[in-house]
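Letters A, B, C and D mark the chains in the order given here, with residues in each chain numbered from 1 onward.
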């Protein structure tokens, strides 16, 4: 098993016929992902990568029974595409697009709160269940099927963590990027709950970074007795304070946002804090060897 | 994008928010003329893109034109050093000359994105003139909040509630509600990240007046607000940061001696952490991003080595969309073009890593390959200690 | 028992200190209604009709534990006042105000759909549970406690029906005006469900009129087997077609809206249709004499 | 408030909706001049505040200025009788002269309030040029709907879906989506009740053009749109209805011989029903409303008796907020002032009914009191049959 996606997920690509959509759809199909079609308004009726193209998500969903969509649309059109997918009943919407205005994401969150759709991202590499389905832009070959759940706010740093874990002889149940933007859809807290219920996942690696309170919110879940070990690395210990965080943001976030604070809160809550990015794979594999010497 | 105080006030004024009479000047003579027309007592406020001005001496009262001229002259000769400017401080290129206002009390009004909840919050406090973070910490009961629904906007009853919470009555309460509504509208209509009025003063005459204001817009939304595009030639911008921005890269100067060129913000931060853990000091944060071209890599490398403090460069690329071979080609081009002899360490993983390594190996360039981030950081630190720029 | 309000309802008046608010609050108090305070922004802290005045509904609710509010505010301020009451957690909001823009009511309905509040009106005389509480502007003395539930789109025509029923020796469990505007909060359907669950109510009198589909929607409930007799009078048999109904409205309403159509659909569904307004009291009392000759 | 076609088109044009070139004229000479400037083939469209114009002969094609002059002259002499005008028809005071457009197909776009659901619905159909009600009845699959959320507005994907549903592709689809978005924005921003474009034509050149348009605004929202207040002296308005509107009363002429003065719309409709059941014919519907003054009652009564067909008046007042004594005083004032001798029947119930009856009894006026609506209607019918106006 895995979270969010699996071998039976039926995936739609929004922005299918564009350059990005074409490139990454090809990679996803090569990986074995079940892409069932795409949406490109105005191109409905065509065939692209041997798959049907539709003018709207509603039409595409009716024809293909897709339950997941992944977006390769430009920032100005992204919010509309997400809301269209949600209105059409898509269960999981994955927003790869980088550079969406924050207000658009706030609108999207409000809109989605009235639906049953989940949104992952934006500015995420996506989600992969190794060996089953890849919904996003991550390099497939570094992944291995396994029992570690990975969740991250970063793109390439996730690949680094995945690579280290694969290199250490372990694998991933699911690797998920929640996205690097200030306002995201699914949060670390949401993913912790999904991983909690996933029997395949035996441990979680969380890759955080400075800014916001996503890691602090996750700490609260861990503190309340989380049944699986959580390993955490927080990037940005050396990042200069004040450079990336808005002034009034700090007050809302209660003065938090520094990497050392996040790491401290996580450690106190019971997570295993990994101090250096180079030690993610070794730390997790040492834990598994200790607890499961077979 | 953060605006200077006078631009922030101009924006808020369009939403019905009252501001003091004033004029922006770039010479002491114009400061004197402004003081002449504004009346006897004026305030001179240095216009710099950083907070903490007041304590740093960037705000002066003046009595009459001659006093204004003298004080403006002194300000124009100063570099202001505040906790937000860095040690070298910032030059004062313009001064806002405003009527001096006598007031009874100061309030705080602000709006910002609550990242954790994914919503916009409007904050009001009767404790103005001090940082809202401090009030939130020391006297949380004195900070009042209302959500601004992104579709609905701030409803009149919400503005009224905040105005009443400030302890205002009668005309002032009505005026405060209008100001609060204006802040909410300005926030939504301009894709703001932060709007603050601090202090909002209640003058001796019983009027509310925004004495200081801050407006920060979401850079990602500037395509919807073409009028607000920042001028291409901001004289106060760090030249390396500006050069990086022009080719679409994100560069932040960190002040150490190991230049960094990394793909992805998280990996770039992690690389800096790894360098520091290895005993080195990162010179910069350079994220070449996800959709980078060979040209941009070349420009990025040139920007990194343009920092005279850089004694070694660490290139850490985990190929995803970015292909390592493309990065290799950019590096080779840049070193050939600049003839830079600074030692560099290259760590490639992911998409086309082998191809990238092969290209570098075949190029004849002197560089240290590394397999892992840890190894790369150690080699870079060693190179920075041992190497010298030629 | 009764529906919506009862002897223990704690009622707040929005627009309390104004001319209308003062006049009708006085009448409601005279009737024995438990008015617990009022809201008049800017007048908070005063005492009016021996009751406390508040600046906001939230403040008033915190101080008085009010669960019902009744609005006497001008049309331009009404939508805001309703949303304020809903956001403050008022359970039932009664909007007397006439002349609220339709778009404001559509916004209010959307806003209320995210809350637990019920809205009655606008342009309604309100709701009365004879002998217990009067929340509105209807003349109290014409009512008698009893077992007939009355619901109506009209003001004075409701008084007429109430008067006839009282005159016939019967009484009302609750009399409710849903309001005469095109878009209303609580509908006939909603009230039928509330009356269904109210043991005190033994029969329902529905006073409809031309326009809209409120009566047709109610017919569907009756047709599905409603456990209590429903008497219906529809005003406007002689009203000229086309005068009050918007053109494109007709298409949405499926070509219905005429009094004879409404009456026909109701009769077919099993309601007792009363052909003339002068026969409301006699028809209902004849039914009760026939079925309950004691 | 319903606009004439040319005003409706002007409003929609501001929202980017393309309309034919045209000019509104009030003389045949100006019609000729307009035809001259618009080119050879023009359409003359009578501007009357009622639908059904086309079949009634209110739309004429003309070839050249002289033809336009002749046809305009004929139109200006006509009273147009359509199913919506009543038997006497309406005079044509202005004509919209438009370029004649050749088109391939006709669509329908409309927005209206869905009363039952309490929401706004945007409708589109590829069967334009005919009544949408007819399409909805005969071919419901050809009517496509999207909700316009009152806070969110119509989202781009909704506009696209409707445009695709119309069977349009390429440029036309994009243009249709923009038109649909414009209709939604016009609806929300102007507090519309109904907006229709029917037909929206796809011209031979492949452009979409609103050939006819209808805009009705919510009268209750006119306070937010002061520019749209109807002119006080609408020459086509029924003088009695206009007089009633001036004093805030709602009067509708029904054409019978029993004048009605009632408080409340429902009771007024019911009173008319009751009169008809008693064998009479109501002359009018006059709702004096809830907050009426003595003066307004007096004016209302005068308006009712100003109808020369009225042979008796029925006053049916169920006192609530309206007190029966106030109505009695208004009636006494009006009869004294006008000296009208038309017989009248008064039925008072509710607030201060006894006081009202006492006042009337003491006034010396000849009138018939009644206890119930049924009794009142019967007496009014008898009075109308027996009585004669003096």
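Here is the rule we use: contacts are C-beta pairs under 8 Å (C-beta built on N, C-alpha and C of every residue); 3 or more make two chains touch, one makes a residue touch a chain.
Bear in mind that the values here come from a model prediction, so they are computed numbers and not experimental data.
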Comparing centres built from CA atoms, which chain ends up most distant from chain A? D
If you average the CA atoms of chain B and of chain D, how far apart do the two points sit, in angstrom? 58
Between chain A and chain C, what is the gap in Å from one C-alpha centre to the other? 50
Multi-partner residues in chain C (2 or more other chains touched) are 107
Among chain B residues, those touching two or more other chains are 149, 151-152
Quick one: label the inter-chain contact graph as line, ring, star, complete or other. other
Mind listing each pair of touching chains for me? A-B, A-D, B-C, B-D, C-D
Please give the residue numbers of chain C that touch chain B in the complex, ascending. 41-42, 44, 55-59, 77, 80-81, 83-84, 87, 107, 111
In their shared complex, chain D is touched by residues of chain C numbered 75-76, 98-107, 109-110, 125, 137-139, 142, 152-160, 163, 180, 182-184, 207, 209-214, 217, 233, 235-240, 242-243, 246-255, 275-279
Residue ranges of chain B in contact with chain D within the complex: 149, 151-152
Which residues of chain D touch chain C once you look at their complex with the stated criterion? 51, 84, 110-116, 118-121, 123, 132-133, 136-137, 143, 149-151, 188, 191, 193-194, 196, 214, 216, 218, 220-221, 223-224, 252, 254, 262-267, 269-277, 282, 285, 290, 317-321, 349-351, 372-374, 377
Could you list, by residue number, the parts of chain B that touch chain C in their complex? 152, 155-157, 160-161, 164, 169-170, 173-174
